[in-house]
Amino acid sequence: MGSNSWQTAITDIGPGKINVRGYDIVEMMEKLTFAQTVYLILRGELPNEKEARMMEAILVSSVDHGASPPSVLGTRNVISGGNSLNSAVAGGVLVIGDSHGGAIEQSARIMQELVSRGGAPSDLATGIVAEMKKAKTRLPGFGHRLHETDPRTIKLFEIADSLQFSGKHTELAKAIELELEKTTGRKLPINVDGAIAAVISDMGFDWRLGKGFFIISRVPGLIAHAYEEMTTQKRMRKLGNADFEYSGPLKRNI
Amino acid sequence: MGSNSWQTAITDIGPGKINVRGYDIVEMMEKLTFAQTVYLILRGELPNEKEARMMEAILVSSVDHGASPPSVLGTRNVISGGNSLNSAVAGGVLVIGDSHGGAIEQSARIMQELVSRGGAPSDLATGIVAEMKKAKTRLPGFGHRLHETDPRTIKLFEIADSLQFSGKHTELAKAIELELEKTTGRKLPINVDGAIAAVISDMGFDWRLGKGFFIISRVPGLIAHAYEEMTTQKRMRKLGNADFEYSGPLKRNI
Amino acid sequence: MGSNSWQTAITDIGPGKINVRGYDIVEMMEKLTFAQTVYLILRGELPNEKEARMMEAILVSSVDHGASPPSVLGTRNVISGGNSLNSAVAGGVLVIGDSHGGAIEQSARIMQELVSRGGAPSDLATGIVAEMKKAKTRLPGFGHRLHETDPRTIKLFEIADSLQFSGKHTELAKAIELELEKTTGRKLPINVDGAIAAVISDMGFDWRLGKGFFIISRVPGLIAHAYEEMTTQKRMRKLGNADFEYSGPLKRNI
Amino acid sequence: MGSNSWQTAITDIGPGKINVRGYDIVEMMEKLTFAQTVYLILRGELPNEKEARMMEAILVSSVDHGASPPSVLGTRNVISGGNSLNSAVAGGVLVIGDSHGGAIEQSARIMQELVSRGGAPSDLATGIVAEMKKAKTRLPGFGHRLHETDPRTIKLFEIADSLQFSGKHTELAKAIELELEKTTGRKLPINVDGAIAAVISDMGFDWRLGKGFFIISRVPGLIAHAYEEMTTQKRMRKLGNADFEYSGPLKRNI
């Protein structure tokens, strides 16, 4: 080891050896789902059954949202310029900033800071809503440009409830939703970013990982869009995120 | 719809509606694992039980390989310059090119072209090895700079066998491995890229999606590295992919 | 120096010392223009007066082309997602692929390979046009989706002529233009990518640097678009490269 | 124009027409240097002679700083993974964040805010240094990990003085340098980022463009590193920014 050596606690490799957080990759391939593996690598420990179930639902929830999100436009546009699949995914992930997906990070940060102060959720909610009103900023994780009530939020909270995960952060999120309605006179419902933020906070994840859940979930969607662009469209075409229509299979049941 | 309108068959959205490949996201959150969801969005159809099991193993297999891959250096380096998590993931995915992860794409392309010609695997193998020798190029998907025998390859093929997936592409991959040993006099074993290429080809995936499996699998690893860099290292540090040591948990069992 | 040490011949740094290709940065700041500096760092040697003049014109030529190029859409879209200026520039440069700007690289490669074979330009032109026709591919560097005759091409060749730069590659480009018109019956004029490719080839630059000239020239344009997007538009807006109109100053003279 | 139409004031294009900020690109190619063109596209107006001269010096100043900056590691690493030149440049620019190059942006923002408040430079300096000390943060634009006195800073200020550009922002920067030395007891000299920040602020540029000057200046350096990596090194090599040595030409004069 030279003078610039540094340490990493994620994966130990050597000839014929790949141990992730201490677990042999071969045993993982045999016994873990991908969602369990994601939990392990982010958290350092294996999830129990409930954590694993919650993780699956979170990752499924944000896999795609059609062709309107900027990240999809980013990915398709890189293909349109005549580039590789990995560049296209990078071009999409690059767009996932403060205004797109980034709400998970900011929403989780605010909730974790508030909860760590202690106090009744309703009091914390009153305080933060007043603070944001004074600062004339919007609370990240509430309201959606398309969905009045986001069906993913309801399902996420339902699953979290059934697994007995819902704790102080979810209570706070719901208290903020009430307070926002009381103060502004209109419903600004918890959106899927806010719901994921509340649930991962109740699961004990650091808010700095917030955007990571969205990225892991959305990357397969971006790849599907890159592939569709690559195989069905001309390069250098006129491209935008407001002028497409859905042409896939009709509604069906699993 | 204006004159620039275009069509997408992936996800149908509207107020309160998110249908992925025709399936309601709420039903998916209830009934599907994340790996099943990945299969669905890439393929357009739900996986059966065997396809779902194979998908889990493929996605688990490449989740991380320590701090030596260039994509990890790319991700850590973006954090080191003082940037966001999504930029860091983009910076890592950007590196996954022809020489890193890209072997899945090229290996799957070659195998799919050969198998589509028809003929005995051993004949196809003799042909392609001779061709590559003449062109003085290396066959993507064979040989590894660290592992003499890649444990992930063996496990992937074992699972594929037990699920009765192994077909013409896997046979061809094994025939090429034999032919390479016969011709060069040394073992150039199928590496994990080659194994994934063979298995996804036998599952019927287009080679153009090859790199996508690696990207989906590796992104959680990149996020773990970004988070570790962010929380344990100084910005603008001396950084490289040859001078680290593992400091995490010792080998343990699931 | 450790066992992983490697060598670079670009810039020598030390406390109080920054020597680019052997020249003190302080002397460069005093005596060189930026275009001369670009020539120096790419080529390793200072340009003479004619080379410096040509370099200025090449770099000016591609600084911007309005809001329709995919790279501009890429840059604006990254800002729209709520990200930093450097991410936005990266997101634009990422799009400059085989179908956008990449023609300089491919066109220069083809011309350099043909010229190195030797022979009359008209014979080389007949050969390559027949070859491309047979392979049913388009020759990069000829034709433009908007300009029938690209005014930048004419000016670049005029400047190259007046500086006595025009050599075998420019002759070849013009011979190919003639041959294309003869064979296809319609004008497929040398576009600005093809013109830059010819001129930098005559100046002795390796075709592998081809896309670099376009990138250096276009980055200031991308920054202007990022800044305009940042200061005049809302985040997460509907965005495309076909639905804008010009609202800037009317035509004026220098 | 549809309902999603939007406006841009940068470049007006049409068949045979490319007018940048109102000026015909052909006239620009004939009469402007690249640095003048950069000024025009960022500012909207042509520079006068002094502004043009200052612009040349700023853009020359940051063209390269050897192989140690994270952006160079980013660019080389993308090539090492087997990717294209534009991906490599994007990979480098992506790294230019808050801790690398970003100081221009933050330093210019702070100076512009302070100067707009009005008051004597020494008072503003005392205030901000006290504020940063209390907040335990470092002032961006002061101090360098390698250079005790950055030769580029001295030359930039010398040129700015001779062109009579130095105004309130440069005075403030110098007052802060003095105050920092008085307060901390050690010299934390204005670095090149701080000097560029002061000069562009005195020239009237918005701090939001600050990082842009660094990016425009450094991109040619990144391309030189990408080209060197591509033509002299193996793919997937061990790579870091602490273990290289300079092997280029010895010190020489222009």
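We just call them A, B, C and D in the order they show up, numbering each chain from 1.
Convention: a residue touches a chain if its C-beta (ideal position, glycine included) is under 8 Å from a C-beta of that chain, and two chains touch if they have at least 3 such contacts.
Bear in mind the structure is a predicted one, so any value in this text is a computation, not a measurement.
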Self-check item: Chain pair showing more contacts of the two, C-D and A-D
Solution: C-D
Exercise. Let me have the rounded angstrom distance from the C-alpha centre of chain C over to the C-alpha centre of chain D, please.
Key: 22
Self-check item: Rounded Å distance between chain B and chain D, as computed from the means of their C-alpha atoms
Solution: 39
Practice problem: State, to the nearest whole Å, the distance from the C-alpha centre of chain A to the C-alpha centre of chain D. | Solution: 34
Practice problem: For chain D, jot down the residues that touch at least 2 other chains. | Solution: 2, 4, 83-84, 86-87, 90-91, 94-97, 101-102, 238-240, 242-243
Exercise. Indicate which of the five shapes (line, ring, star, complete, other) describes how the chains touch one another.
Key: complete
Quiz item: Touching chain C in the complex: which residues of chain D?
Solution: 1-2, 4-35, 37-38, 41-42, 44, 46, 55-57, 59-61, 63-68, 84-87, 89-91, 93-97, 101-102, 105, 146-149, 151-152, 154-156, 159, 206, 208-209, 211-212, 215-217, 219-221, 223-228, 230-233, 237-240, 243-254
Quiz item: Mind pulling up the chain C residues that touch chain B in the complex?
Solution: 2, 4, 83-84, 86-87, 90, 94, 240, 242-243
Quiz item: Which of the residues in chain B end up touching chain D in this complex?
Solution: 2, 70-71, 73-74, 77-78, 80-83, 87, 90-91, 94-102, 145, 235-236, 238-243
